[in-house]
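These are the structures, in structure tokens.
Each of the next two complexes has chain A plus one more chain, namely chain B in the first and chain C in the second.
Coming up: the complex of A and B.
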């Protein structure tokens, strides 16, 4: 109960900080909205191959949902935590009677939640404007529930992947390179940002379904497009949980070892 | 000449600093090379679901990717580290110190740091373009190469204009941690040919928000499909953009009263 109060207070504090620098939200908006709109334009102007299962309506729904899901599963840990190791401010967090990483996690969550202030209206308005070209008849409450669960688990997974990478900041001066390798182009490719995973050729799709990236973006949207049956949804949710468990273990080990070498330089 | 000498010394310091952590430097080059490869794979996978994009075949799209990555890598090497440092300079007050020095502040702030981590991408992008020239996708005529040279110059001038605009914003807003994100978002618009956009957006991208000249037009020049008029139009727009953003920068610096003021 004490931790819950502290978490809510921390979350509220981060909301206030973000709103103080609300100009930065504009930058976030550009980042979240621009690429999906570009990609939607690109996909709508292609001459499709015979094997491509997606119609224009599928692409529209997919890229309409990308900004919201991309934001909800986003994690800023990899930018914030290594900085606190470098400037020594992690030392303060370690002395507090509060989980040291909770503040960084809640900052990331607050940032994601606050972007919904414009993302949800944008998505609803855009959805309304292109309602004639969208197919939504398949959406049911259980399907929406599954998509919500997939978003929550996908967000947790991305947080743990980013967290594991960011914790290497105990040893590495700059973790952005490692992040670029493990969480950059490979995520954009296998996560379904550039190409919806469902439209991959069979052998590449099988690889994408084994890797964790699909579950951070594409999977919740695939549920919403109604193209997955209940077995595939359950399989996807279980795979997300397994990957989240693996990265939780990795993060825990890296944290324990990292703390032993942390010498609060710069602080 | 004196300013160039100062910049060269600053670059030397940047390189020496990077080489202090040789393993990290080599690792960064490898990471950026891998990022290029994943970007390349994206195009290949893209064309398993598409036969062409707005009339551009997969080979044409590779030319666009090569040009896009060349421009992106050049901005990453010469401009990005300076843009990242700007926010901190404003907050820490070190901008004030630099403004009092007898140097051209715009030039020094724009070019004082270099980061060669994108050399892997730059090299691979040039190799990709060379391969496309060798297999005949790129039309290697003197006219095309001239138009490409002019198109690339305009592209780099436009990138610099955006960079200078963001530097000015960093001074005005006092906090612009993610300025590079805007820059990269603009680059997102250039990953695909301008032809993919609806006609009104396309008009915007060829005029008031001239992102079409960043990669599409130079790529069209290499493919022999760009008219000289289009390339010259890009050069005029780029010149106007540099002049406008330089004026905005000077105005911002005149109004600047230190981070607290």
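Coming up: the complex of A and C.
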């Protein structure tokens, strides 16, 4: 209960800070909206082959949902945490009777929730404008519930992956390159940002389904497109939980070891 | 076995940092890339100390002596390389929440306040984290606002506060949960003389009211002289002195400084062994006088009726400490 009120106060503080930086919000908006729109246009303009299971309606729904899901499962941990190790401000968190990483996680959550202020209206308006080309008849309450669960778990997984990478900041002076490789390029490809995972060639799709990246972006949207049966949805949710568990263990071990090498710079 | 009165106890506390060496030049950089060379730096060496509850300790030493490293180990930020620490019966590095609720670390160059929010917002978050009741919060914050005179800065974004205002707000947030132990690392650094004095007065007042144990590092000897009941001096990571300020002065500078301004003519008293002239300008004379001769010389001067002014003081603390630091190669044996 004590942590809950502390969490809410911290979350509220981050909301207030984010709202003071309107320029940063604008940059975030461009980042979240531009690439999916470009990709949607590209995929709509190419000729569909027999092997491609996605129709124009699928692509439209997919890339309409990408900014929202991308945002909801986003994590800023990797940008903030290594910096606080380098400048010693992590000490501030370590001295409080409060989980030291909670502030960083809540900053990410606050950021993701704030972006919904324009993302949701944008998605609704765009959806309304292209309503004739969208197929939504298959959306049922249980399906939406599964998608919501997949988003939550996907967000948790991405947070844990980002967290594990961030925690290498105890040893590495710059984790951005590592993040770019593991949580950027590979994520964009296997997560379904550039190409929906369902449209991958069979053997690559199988690899993508084993890796954690699909579950951070593509999987919740695949549920929404109605192209997954209940068995595939359950399998996907379980895979997400297993990966989240693995990264939680990794993060815990790295944290424990990292604290021992943390030298709290200065003095 | 520490008594209930003991707040902090360290035994053979040591901390070694492994530092990567980088030689000059491109060839050395390439060599270093394939075969890095490390050097172990002993920041703290076998430090034994015991501090009772409610004491104010001046923790002194030159730059790089290991003061901040020690404070970080005592507050649980750094794990010791060897030895043990008990702070209020806790091992700090376990970061037990009861332990964290009992301490506060204020570092003059680091901040606890949220940079983008006004201090009052940080107070509110702090209150939630430390689980203060409405009544506790209101009583304590009102008291701190009053003592630190920070009413005017509460609603201003922290980044826009002056250094003095920020430091006072830092103290307020650090003391909101009424820690039993307060680690102060250079709390007056960069502040003007007036603000330094305000902070010192506040700390004295706060200590009088709530009796926390305070471990203070400062390069301003006025802070130490005004606040510390006892000083622990470390150099090269080892303790070189532990005792009262007077004891330190007596040991390092057993002489008093006597400044005399005479009305006219020659100096009226005969100098003897144990009395050395260190400055003379016109009618002003300054002597280093051994303590046992001070009374005798003063009496002699008064009987001549030639004195316009006379003052007797200890050597400035800066000089005493400086002398102790300079003697680092051959430190005197710790007294406690």
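Convention: the second predicted complex is superposed on the first by the 265 of 267 C-alpha atoms of A that agree within 3 Å, B and C clash if a C-alpha of one lies under 4 Å from a C-alpha of the other, contacts with A are read in each partner's own complex, and residues count from 1 in each chain.
As a working rule, contacts are C-beta pairs under 8 Å (C-beta built on N, C-alpha and C of every residue); 3 or more make two chains touch, one makes a residue touch a chain.
The model shown is predicted, which means the values in this text are computed figures rather than measured ones.
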| item | value |
| --- | --- |
| Partner with the higher number of touched chain A residues, chain C or chain B | B |
| First (chain B), second (chain C), both or neither touched by A:188 | first |
| First, second, both or neither for A:172, with chain B first and chain C second | first |
| Which superposed partner A:145 touches (first chain B, second chain C, both, neither) | neither |
| Touched partner set for A:17, first chain B, second chain C, both or neither | second |
| Contacts of A:31 with chain B and chain C, given as first, second, both or neither | first |
| Which of chain B and chain C A:262 touches, first, second, both or neither | second |
| Touched partner set for A:245, first chain B, second chain C, both or neither | neither |
| Touched partner set for A:91, first chain B, second chain C, both or neither | second |
| Residues of chain A at both interfaces, chain B in one complex, chain C in the other | none |
| Chain C residues within the chain A interface of the complex | 17, 67-69, 71-72, 75-79, 95, 97-98, 100-101, 103-105, 107, 109-112, 114, 116-117, 121, 124-125, 127-131, 185 |
| Residues of chain A defined as touching chain C within the complex | 2, 5-6, 8-10, 13, 16-17, 20, 88-89, 91-92, 94-98, 259-260, 262-264, 266-267 |
| For the chain B and chain A complex, residues of the former touching the latter | 21, 24, 27-28, 31-32, 34-39, 41-42, 45-46, 48-54, 117, 173, 175-179, 181-182, 184-185, 188-189, 191-192, 195-198, 201 |
| Residues of chain A touching chain B in the complex | 21, 23-24, 27-28, 30-31, 34-35, 38, 41-49, 51-52, 54, 172-174, 177-178, 180-181, 184-186, 188-189, 194-195, 199-201, 204 |
